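Both complexes below contain subunit A, partnered by subunit B and then by subunit C.
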Partner chain A sequence: MSRLRYIAKRVALSVPVVWLGTTMTWAIIYLGPIDPATRLLSEGQTQNPAAYEAARTQLGLDQPPLQHYFDWMGSLLTFDLGQTWLLYQGSDVNALILDFLPRTLWLGFWSVLIAVCIGVPLGFYAGMRSNTASDYVASMGGIVWRAMPNFWLGIMLLAVLGSSQAIFGFDWQSLWIELDALTGSPDLSRLHTVEGFLAATKKVLPAAIVLGSASMGNEMRIGRTAVLEVRNEDYVDLARAKGVSERALVWKHIFRNALIPLVPIITSEAFLLIGGSVLVETVFSINGIGLLFFNAATQGDLPLVGTLMYVFILLIVGVNLLQDVLYTVIDPRVGLEGA
Partner chain B sequence: MAGAHGPSSDAADDEVTPETASTILPTESPTLVWVGLGAGLLAFEVGALATFLVAILSDTLAAASLPGVGFVEGIEAAARQLPTLLSRETVPNEGYWNGQRWVGTFLGLRPEVAWGIRVALVYLYALAVAGWAVLGYRLYRREYRAADWTPRDDVIDRFRNHGWGLFGLAVVFMFVVMAVFAPALGPTTVDKNMRNSYDNELTYWDAETDSVETILVGEANLASQSRGDGEERVGPMEYDDFGRFHPFGTLPTGRDLFTFIAVGSRISLVIGLLSVGLSVGVATSLALIGAYYKGRVDLGMVLVSDGVMAMPQLLLLIMLTTVLKDTWVAGLYSGAFLLALIFAFTGWTYMWRSLRGPALQVSERQWIDAAKSFGQRPRTIMRQHMLPYITGYLLIYGSMTLGGAIIAIAGLSFLGLGVSPPTPEWGRAVNLGQEYVDTGSWHISLIPGLLITLVVTGFNALGDGIRDAIDPRSDAAGSDADDGAAAGRGGGA
Partner chain C sequence: MSDEPLLSVRDLEVVFHTERERIHAVDGVTFEIREGQTVGLVGESGSGKSVTARSILGLVDEPGRIEGGEILYRGEDLTEDNWADHRGDIAIVFQDPTNSLNPVYTIGNQIEEALRIHQDLRGRAATDRAIELLEDVGIPDAPRRVDEYPHQLSGGMAQRAVIAMALACDPDLLVCDEPTTALDVTIQAQILDLLAELQAEQDLAILFITHDMGVIEDATDWVNVIYAGEVVERAPTEALFDHPAHPYTRALLESIPGRTDPDERLPTIEGEVPTPTGPATDCRFAPRCPEAFEDCRSVAPEHVSLDGDRSAACLLHDPARSDGGERQ
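Right after this comes the complex of A and B.
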């Protein structure tokens, strides 16, 4: 029961967070120094008062600001997101997001999975063998890996994969499954077939590795220190004295407890993933929602920028809630302490 | 490193008795010697310092379109006349081969050697300044400080034995020196090579006609572009056809990459320091206020910071730079000032999150209650009884956030946002070289990226070192998890 109460409390707390974030977005876009209506019009049209007035009316800017604010929030709340102005002119924003979001989610899914599957075991390995040569190599690698800028790593990885024939003796593009090009969007329409699934996975794999690089380094570091700390706990000594087998000790007593500090790290990577998706999608030219946001911002479609920001806020708050739920599963003490 | 805060002003008042006479300087008045050394070191660079200060002033005036620009420009010209030892004029590396020997370079040496000597001199000078500061601190510790020992001495001693932290310090030192001495380090200048390349001439030895010719720098650049393999590139440590030496090769536009990077490091450092300084200020005051008043004030801050954090940092950066790019603030220092402000606005939340825990802990201590019962004002309690206990965390997170800021700035300029184009920035070099990575001109993207990685690793290592020095028991999961939040990677750039 208290677990449910705890989760209900987190949900209630996330409402003002969404509201605050969205309000700030609205203030930046509509109260900021740029008139969104002018940015939407071309050079010639800005001289035309009729076109300008029409754009203002359509954006609702002729209303008093507060009225506009409530209208805007209301339409976001009901997911009545309207049409785009400049980017993919006149298309339905809902449809656009539904078209672009899956590619980003697919990319994000693989980058989280790869980061967790490589970073955590490597960190645990280093922690179990602390202060040995392999620990130092793994730790050093994690630190440097974490410091590399995503966009640069992406460019380098593409260059290496592009000439993989000369470097590794096999051609990445035709290995296992033939890809039409190294970069570009994955084809998600054939995910249900084995071949389509593999092709889509292989397509985003380099991008996912790059996007997950920072998380991988972080998870490794935290995993290492967590294992080190748990290993020195009294209950581990007690379990050993009781005669618990080494295997059960490692898996049941050490690893499960060491996972606790990792949960917030893994979920807080969501921030990095969504932010990083802009750069990685640019480098790998994946038509995801990050690239859509960037294009909307640079081309001046500010209403779309605001709408997308709302989607990002929902995504992040959702991931945070997921983290709280995960927490109660992994560490049953959470929620009982009134935390 | 703890800076030198020797009370040099009241040096003359102090009677140095034989018992307390210094053992590090064989003289009766070590402070005078120390001050003299400092003055001597400063004299080498007084011209550069004056030029730099006046240039900042005139930039600010021009950007804010205030009167007095002409007057300040007059001072700037005068400041340039002051002699400077480590300048390109004293040790020139730009010259030409006249068929028999190099003309115009330092002592007639080859340009690469002349340039190498200048770089070595700059770093020697910087080392000397650092040594002078350390000397001053030790002098202060032995001669003037009342206490024989303070806890801070232990922190410094622990840091001195922390190899990883020292590595970080060394990298950060190299980076800072590069940023500070950027105009003297490059083989050429931004003005001559990039901004006004068609207003400057270049003398060179034409091998075909066997004679000395002159050419506009801009045209020479066109002929020394790096856009492919073999003849179409000028790689690292190579000369172009005009006898110009390029330590890191050239850009696709034929401009010098090393000059670009050296000047770019300056803007990265300025943005980084400014933004971290601002967000440290905001985060500290909020953390102290929240920890002191607790309850609703604290809850309100949690909500606001969660609201800011719910917008992914890099996307918020992109949105704000787009919205604010036509304002007058964006004109200050090629947009660097605006970027720093935006970074501070988006970044304080991460820092605040990491400071909140320690601040709350301190606020539970008994001496806070005692101070309250004495009737001390809240501001005084926060400043005197709480702040000292969280300054250590500030250093740690500040160092780590700086690394993140450098990555994020580079990421933004990679996307073509942030620092406006003629001003060099590392991320833009990566972007320019993107097309040529798999050709012979790989250096354009590779070198800036490696440098970013190195510098960010250095800042993180410095942060680790300071953390271990301040709190040797902190090598635990809890504090590391905090780092994760503070040492954000610039929002995933």
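Right after this comes the complex of A and C.
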């Protein structure tokens, strides 16, 4: 079976997953114990039957549940997401998501990248020099990174960067590229210019390091174990006996095999990072989709919660697909036939 | 036998350092292989035969270290970190073919890698040669197999591919570390035939490491019996099978099915191979030896020359110690 057909099959198989996820979301929100309509009413309106009925009509809750379910699913599938009822009242949900999601994706992108680019090489380095002093230092570092809680690390990092002039002798905020403020949402409108790209990157960098810290530690630990395991395989010894140079041994024979157990780790970490972190987005005042979701949930804008759930489901299924594709590229044993 | 041996291992000592003790996995092993000869190294699990094989290739991993002796390849001592200069001269085939091939590269890729290093072949020429080699080791449909991944091959086929990869290095000596143990009996015989064929065609020397006396009888010219890191008997294969000199060899031969009375229970050697943690101060086989006497527990036996070139490290053959003198 060709790779294209394999991917097509994977996409087809993810349809039921999306369906199940959204159906469960609908059931929890609209058949659950909280009446979405009452949540939309202001304090004074709760006793007013006319206002309550109006809210029910607006949400389509006056229809039979099944009819409502099909309407709701239909509007999700066509991305006709309507407008908000409570949070940012009356704004277009599509526009809201397009506004908030890119910031989270930008933050998630950098936190995944930083975690992968530091955690994996560090883990491989430690694995190649197992049980030496440099391995112990790297491994300890990995555990410490892994153990530091996000909210604490975020506040500490901000405190240090805020007084960087006194501590390091340079001012982080004005270093290389002037930032308007230490925290806040990155400006993504000028990404196509070099300066805009760097400014947006610098802005999310501290948040991305904090968000990626745990994954970095995880990937380091798994990377180290993977290299250690592969290093002791017969085929590595056989390649060495064959006269393969040390460099080719590491990059050709060890590296690719050690990546195989890392792929699911990296992608499952990516779920968390792309899904956004309320804590990190709060500490760094980034108006991302994680914060939006949290506010929608705490303030009871249940229709918006449902819609955002749909977005998260799509993101997760998307990352899963990416993982399947990466597998087929790295490991030929992942059968294109049996999938 | 005046010519210089191809490979000569002398007093090889390989020690594994663990937190609690030093394990002498190989303790003074000495043997030789001449060009075109097949030499067997036979012993139980844990006797140090695989470590010996890996030492010859310079593949002993931490915490193991070669701490003494010489491995002379054409007179040059490999233990002085000379392995890099002789890569390809000595090739190795491991026990488990499915672990011997890198799972993420095609068979062809891995054979061509060796061809590039040792015969400077690239591209189409390398692929053609790789196909030829696969045909030489009896893999049917080689032009298609060359593009397949290791997991697509059966165990027997994979072991043939490993042998093809070893041949791509154009070696003078092939070290076979239990090459048939992981395979079905019928496939075992085929692989042994293939090795014999290749040896006759290419004048290859083979070091055959196994615990299977039957394989030794079929495949080798000369045998070294290894026990707890020491060679206890060395002899031409035929002479060894006819007149085993060391009690351990005798016990090994008696435990081969079919050599003793079929109505009787097959004899076994009670106990297990000890783990040598210090220099030998006694005969390490004495606790399991039916013929042990007092001196065996206080004297480390030296090799005693017997008829022909053979020798055995056993006090029974030491005229000064044993009243019985030579038993054979």
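In the analysis below, the second predicted complex is superposed on the first by the 326 of 339 C-alpha atoms of A that agree within 3 Å, B and C clash if a C-alpha of one lies under 4 Å from a C-alpha of the other, contacts with A are read in each partner's own complex, and residues count from 1 in each chain.
By definition in this document, a residue touches a chain if its C-beta (ideal position, glycine included) is under 8 Å from a C-beta of that chain, and two chains touch if they have at least 3 such contacts.
For clarity, every value in this text was computed on a predicted model and none was experimentally measured.
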Side-by-side fit of subunit B and subunit C on subunit A, or clash: fit
Superposed model, angle subtended at subunit A by subunit C and subunit B (C-alpha, nearest 10 degrees): 80
Which superposed partner A:Gln67 touches (first subunit B, second subunit C, both, neither): neither
Partner chain(s) touched by A:His253 [first = subunit B, second = subunit C, both, neither]: second
First (subunit B), second (subunit C), both or neither touched by A:Thr25: first
Superposed model, subunit A: greater residue contact from subunit B or subunit C: B
Partner chain in contact with A:Asp234 - subunit B first, subunit C second, else both or neither: second
Overlay on shared chain A, then closest C-alpha pair between subunit B and subunit C (Å): 12
Doubly contacted subunit A residues - partners subunit C and subunit B: none
Sites on subunit C touched by subunit A in the complex: 54, 57, 59, 61-62, 84, 87-88, 90-92, 94, 96, 99-106, 110, 113-114, 117-118, 149, 151, 162, 165, 169
Touch list for subunit B against partner subunit A, complex: 303-304, 306-316, 318-320, 322-324, 326-327, 403, 407, 410-411, 414-417, 427, 430, 434, 437-438, 442, 445-446, 448-449, 452-454, 456-457, 460-461, 475-478, 480-481, 484-485, 488-489, 491-493
Complex contact set, residues of subunit A against subunit C: 131, 232-244, 252-253, 256-257, 260, 330-333
Partner subunit B, residues of subunit A touching it in the complex: 13, 16-21, 23-25, 28-29, 32-34, 143-144, 146-153, 155-156, 158-159, 162-163, 211, 214, 218, 221-222, 225-226, 228-229, 258, 261, 264-265, 268, 271-279, 282-283, 290, 293-294, 297-298, 300, 302, 305, 309, 312-313, 316-317
